[in-house]
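By written order: A, B, C, D, E and F. Residues from 1 in each chain.
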Amino acid sequence: MTSEATAVPIVRADGRAPDQLRPISITRGWSTQAEGSALIEFGNTRVLCTASLTAGVPRWLKGEGRGWVTAEYAMLPRATNTRSDRESVKGKIGGRTHEISRLIGRSLRSIIDTKALGENTIVLDCDVLQADGGTRTAAITGAYVALADAIRFARDNKLIAKNAQPLIDTIAAVSVGIIDGVPMLDLPYVEDVRAETDMNVVVTGSGKFVEVQGTAEGAPFDRAELDQLLDLALLGTTQLAAIQRETLADTL
Amino acid sequence: MTSEATAVPIVRADGRAPDQLRPISITRGWSTQAEGSALIEFGNTRVLCTASLTAGVPRWLKGEGRGWVTAEYAMLPRATNTRSDRESVKGKIGGRTHEISRLIGRSLRSIIDTKALGENTIVLDCDVLQADGGTRTAAITGAYVALADAIRFARDNKLIAKNAQPLIDTIAAVSVGIIDGVPMLDLPYVEDVRAETDMNVVVTGSGKFVEVQGTAEGAPFDRAELDQLLDLALLGTTQLAAIQRETLADTL
Amino acid sequence: MTSEATAVPIVRADGRAPDQLRPISITRGWSTQAEGSALIEFGNTRVLCTASLTAGVPRWLKGEGRGWVTAEYAMLPRATNTRSDRESVKGKIGGRTHEISRLIGRSLRSIIDTKALGENTIVLDCDVLQADGGTRTAAITGAYVALADAIRFARDNKLIAKNAQPLIDTIAAVSVGIIDGVPMLDLPYVEDVRAETDMNVVVTGSGKFVEVQGTAEGAPFDRAELDQLLDLALLGTTQLAAIQRETLADTL
Amino acid sequence: MTSEATAVPIVRADGRAPDQLRPISITRGWSTQAEGSALIEFGNTRVLCTASLTAGVPRWLKGEGRGWVTAEYAMLPRATNTRSDRESVKGKIGGRTHEISRLIGRSLRSIIDTKALGENTIVLDCDVLQADGGTRTAAITGAYVALADAIRFARDNKLIAKNAQPLIDTIAAVSVGIIDGVPMLDLPYVEDVRAETDMNVVVTGSGKFVEVQGTAEGAPFDRAELDQLLDLALLGTTQLAAIQRETLADTL
Amino acid sequence: MTSEATAVPIVRADGRAPDQLRPISITRGWSTQAEGSALIEFGNTRVLCTASLTAGVPRWLKGEGRGWVTAEYAMLPRATNTRSDRESVKGKIGGRTHEISRLIGRSLRSIIDTKALGENTIVLDCDVLQADGGTRTAAITGAYVALADAIRFARDNKLIAKNAQPLIDTIAAVSVGIIDGVPMLDLPYVEDVRAETDMNVVVTGSGKFVEVQGTAEGAPFDRAELDQLLDLALLGTTQLAAIQRETLADTL
Amino acid sequence: MTSEATAVPIVRADGRAPDQLRPISITRGWSTQAEGSALIEFGNTRVLCTASLTAGVPRWLKGEGRGWVTAEYAMLPRATNTRSDRESVKGKIGGRTHEISRLIGRSLRSIIDTKALGENTIVLDCDVLQADGGTRTAAITGAYVALADAIRFARDNKLIAKNAQPLIDTIAAVSVGIIDGVPMLDLPYVEDVRAETDMNVVVTGSGKFVEVQGTAEGAPFDRAELDQLLDLALLGTTQLAAIQRETLADTL
């Protein structure tokens, strides 16, 4: 689809076609402590997502009858190929961490009806246990599963009304990029570092965009390339949404 | 252009058409201390951009014969309608500040030939003196002018070769958004808070994308809306590029 | 006056006499966001002073029927000839910044009747946009104008009683110093670094001292030299008080 | 053994006898990124231990021809039953975290011949993914496996001499405590909070003590109780050492 | 007692026998500001202990009718032979400081009946003015005296009931260690750095253990050595308890 | 002298005349660890001053053949009547601490010939063990004694040349203030809080000013009052200089 009809098909280092996702695995309920949890794997990328539900909302939201969903992203020091210093040891959170936490929070809030959630708060912790590219998009995709279970927990335990529907859609995310002029889906680390353009796209189950974050790491990109990347992203998120639905089959 | 051919044209609170920029003003050389500087105004938004040039590069880049360009964004505590605490007093930089600083740095680096810059570093400080929406895009647009003057300074003072061309293009940025279903260009604060979708687009003088950051603040957006927003953004950045050229007429 | 009757008058690098101020400019209302503001210039030194008025007082002052005035001083990273790291990036405020913020706060409080202010707080932000010596004294002098306008705002908006007079005097400050044995008024950076003794003096409109901070940077000073410096400082603050009165002519 | 020969045997909430360990599981090589790794489980307690090997030593050790082993312990925010704030967000590491990191580091160093390690550093990261009591002792026991594999890696990759033996013994740790007067082995959270006395004991494979940390949480303990606790601890660490040997069977 | 019946008795650098304490001095009431205070000296080690009593308890303890005792340990920068940076300057508290503060707090709480203390808080500040080994054990021993006086103060000033007995025992601590195979009592710095095993033992006036913290700095230790160290520690704390009783003779 | 010839002499709460110092005590060599030390007492104010001498200078001073003297001031948490939080616990140094540290450093440097000191650094730590007003002036006065001894140590140990004279004068400081209209010397806390004007004056042994820091806490002060305060300060520092000379009799 994304290649320009060549005789020789493009094959990636791990044997995938340009428009193919890595093997996706979601272990729902990996943690026995959280109200919702999922260990999500995109190939070698592994992110543990937990959803912590508490009654009450931050001070600035009190008394408005609405809930709050927020997220925190972090990486274990040796999730990557070389060890990074812990942000707790450095005494401050880096810009990248902040940026991704904010992205995850915004993405998940986009499919929440905060009125239906009532004055409850759900914190989504996305901890990267192993990193091989696409950790932020894996985090969003896995956090959705944890979130859905936390809401089920809230309903089961009568923390929200039996017929409340705080989830108004599903949400998934994927990375796409242009490598040697070829748009590709779901980049592992080895491709990510070589990409001229890198884009993270967050899409609802109904196929609408929530976030489009494209960055020219190498050369600026034109309108046609942008269009190809968006096509690929929609292809990937559609498949991810199907996996999420299957994982949560007994709940939804 | 962006409105759907109604009999009654849409007029914004400040009297602009949906596809019109606010009055833009660039005071080049506002600071007498920096190697390059510009006070840029998008309506009531005022950002002081300075470019500080120093010989040498960060440790991780040493010995590669390439330069470095980075940026720091900040807001005066009373730039906004209500006072915010200083990040220096809080002892840490917030996520939003980090995110914008990184965006500005990436954007400006995209038009720099670091080889041609030699082992020199340019720090772009973008301090928002008054904020009325679009501070990050104003910062990028103004930082370009400061950067261009710092490079001229480097050439005049023989810090780089006489024929070195570190600037490979120009760069400008603008915000666009959808308000009450209507895509609009260059949102002031009052529109920004009401926008369903908010997008910051960074475009080179040659019309290619460097960053596309679209966020559904309210409702997710579809492909058609995304296309309309991109059209508007290109319209705006083309005009900003012309103003930049004029401002720097004697240099380029 | 301060020179010892020599045949050849002492002329400073910028052409001033030892007892002459630099050109002083106060742009009242520079910011459209704050309740009071002033961009003050002492030659090339430019400080943006804003006064932010909020109802209520810090916890330790609650219920006493008195208001609070405090100040924060900061410098943009490239206000000076070489760039300094941001205190927000360093994660802590330096000793010099703390010291000057405290000085400005104390100085402005000295002319405030906190009872008449009621339980309101005014924060004076003094941000040095460009530094060429005497930034703290310029900040105090400019902050007074911002403060006066914030109080006028409070009265106009009935946040304080119509006949309340929280301002019991005016306040201005100037630096003086001894260079090559000659006492001089209002030192720019180039003189400041050469001064044997450096003194900042804060004086009310009625000519009384609020702060006298003299430091022997080079050689200790004797009683006679101290007296000469105080004479010069009173001369300068008298002129600054006149400029303040003029600037605020319609208010006072 | 530890109970005083009563007719009715003491049975714990999870069905164990007082001198019985929880089910222990060690997944060696859980991480594909680190030089050595192990996911260790003591019942519901799960700790991911990674060993990161780098050439060189901290500055204070340079040139002495000796290596360095250190450890960092941390807990995911939702490892526990209620969510804790991240230490990276709080901007500082708590006393408990510091204390445990130091304990793990000291324990592992006690079985290392730093001369044989050469000027290499191994950092042991012990991240608690799920916490149900005994996380620090599980961390020490698991870190040993990761450490052994990192040293094997060093030997395989010729970073240390083929016949170098940096590991001079094995090391394991377990918690013991007195609950309702009965000394018990390997306390889960529910027992830990009820214990009058809580002791963590670190023991080498050859049965010698490296750390004995006993704390009277409730009532002070006498010499006889201390002796019973030490007996239990040696019983447990002997079994853990056997499991470690089995896990590493192909290496040692 | 601790030596193995040799003909030649072991004599330490300062002339003491292995089972002998250094000269102990407690200056009760050294500070005129605190509710209780003691300057305690173990040879050249000098720790100033103050007890600050305030009404009320931390938020998490409110309404339970119980008091709180906590401790903070710190060292002056030049307490030691070479100067250390201040933790206030470094902006964070080191692991060792945290660990010792927690140890002191736990130790003192072990002899407090928090019900009898009522909703009052006592903070024990232990500042090492000069360090020559054993600072944490000296701190515990001295803090007890300060604590006892603060409780007397509370009773005298009717902050607790006349017949309330918050102190249920006395507490003292001492260090022991094995040097060249010989167990020794109360190690000064010069011995501490040479010790193979180092143990801090906290014991109540009635001879029960509150903390046993043994660490093999050099070689692991066996059960017999552990027993000898515990014997020595009990010998030392019995003498310290006698000195405490004498110091507080008029109170107890 | 300072009172206006009334029939009834003014007597202060502690029985002193307005121009009388509190009892001054300097215990030279209080610390056995530092190269120079002094415990100085002005009445109940007690400050431990240590001077730490190390070879080498800060990076920015390297290679200039000059030494460096700096100071750090701090207060124990219970030095005062109510306990303050530790700055190490708060994670940052307050403005007051910074300000005083800088004042002490500047004052001591004013009497140092840095060339004669060679490339050595002396850090003066001034820790307030008990505070009853005038802690900064006591610190300066005591730090001089510690500094003098550290320089003697440097000479004795041949770290500086035998005939080097880094000390070019002595230095002492005292506080003065106006209470109920009466200028007074050396204010204890109870007077300090009531003073309309508070001034700290640092004076060399030869009677010249190094620092004059006068602040109107209550009412602004006029020129005549300022003159009276300076007279009193010179009276006090002359006496302090005599005490310093006596204390160091064997050295100077």
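Miscellaneous remarks
Rule of thumb we're sticking to: a residue touches a chain if its C-beta (ideal position, glycine included) is under 8 Å from a C-beta of that chain, and two chains touch if they have at least 3 such contacts.
Keep in mind that what you see is a predicted model, and the values were worked out from it rather than measured.
By the document's definition of touch, subunit D and subunit E have no common neighbour. The chains in contact with subunit B and with subunit C alike: there are none.
Most remote chain with respect to subunit F, judged by CA-atom centres, is A. At the interface between subunit A and subunit D, over half of the residue numbers involved are used by both copies, so each side presents largely the same positions. In this assembly, the chain whose C-alpha centre lies farthest from subunit B is E. Work out the mean CA point of subunit C and of subunit E, and you get 52 Å between them. Computed from the mean C-alpha positions, the centre of subunit A lies at a distance of 28 Å from the centre of subunit B. Multi-chain contact residues of subunit C (touching two or more other chains) are listed as 91-93. A single ring links the chains, and its order as traced from subunit A towards subunit D is A, D, E, F, C, B. Note for the complex: subunit E touches subunit F at residues 31-34, 37, 44, 48, 50, 52, 54, 72, 74, 76-83, 86-93, 97, 123, 125, 127, 129-131. Residues 92-96, 98-99, 101-102, 106, 110, 169, 199, 204, 206-216, 219-223, 226, 230 of subunit E are the ones touching subunit D in the complex.
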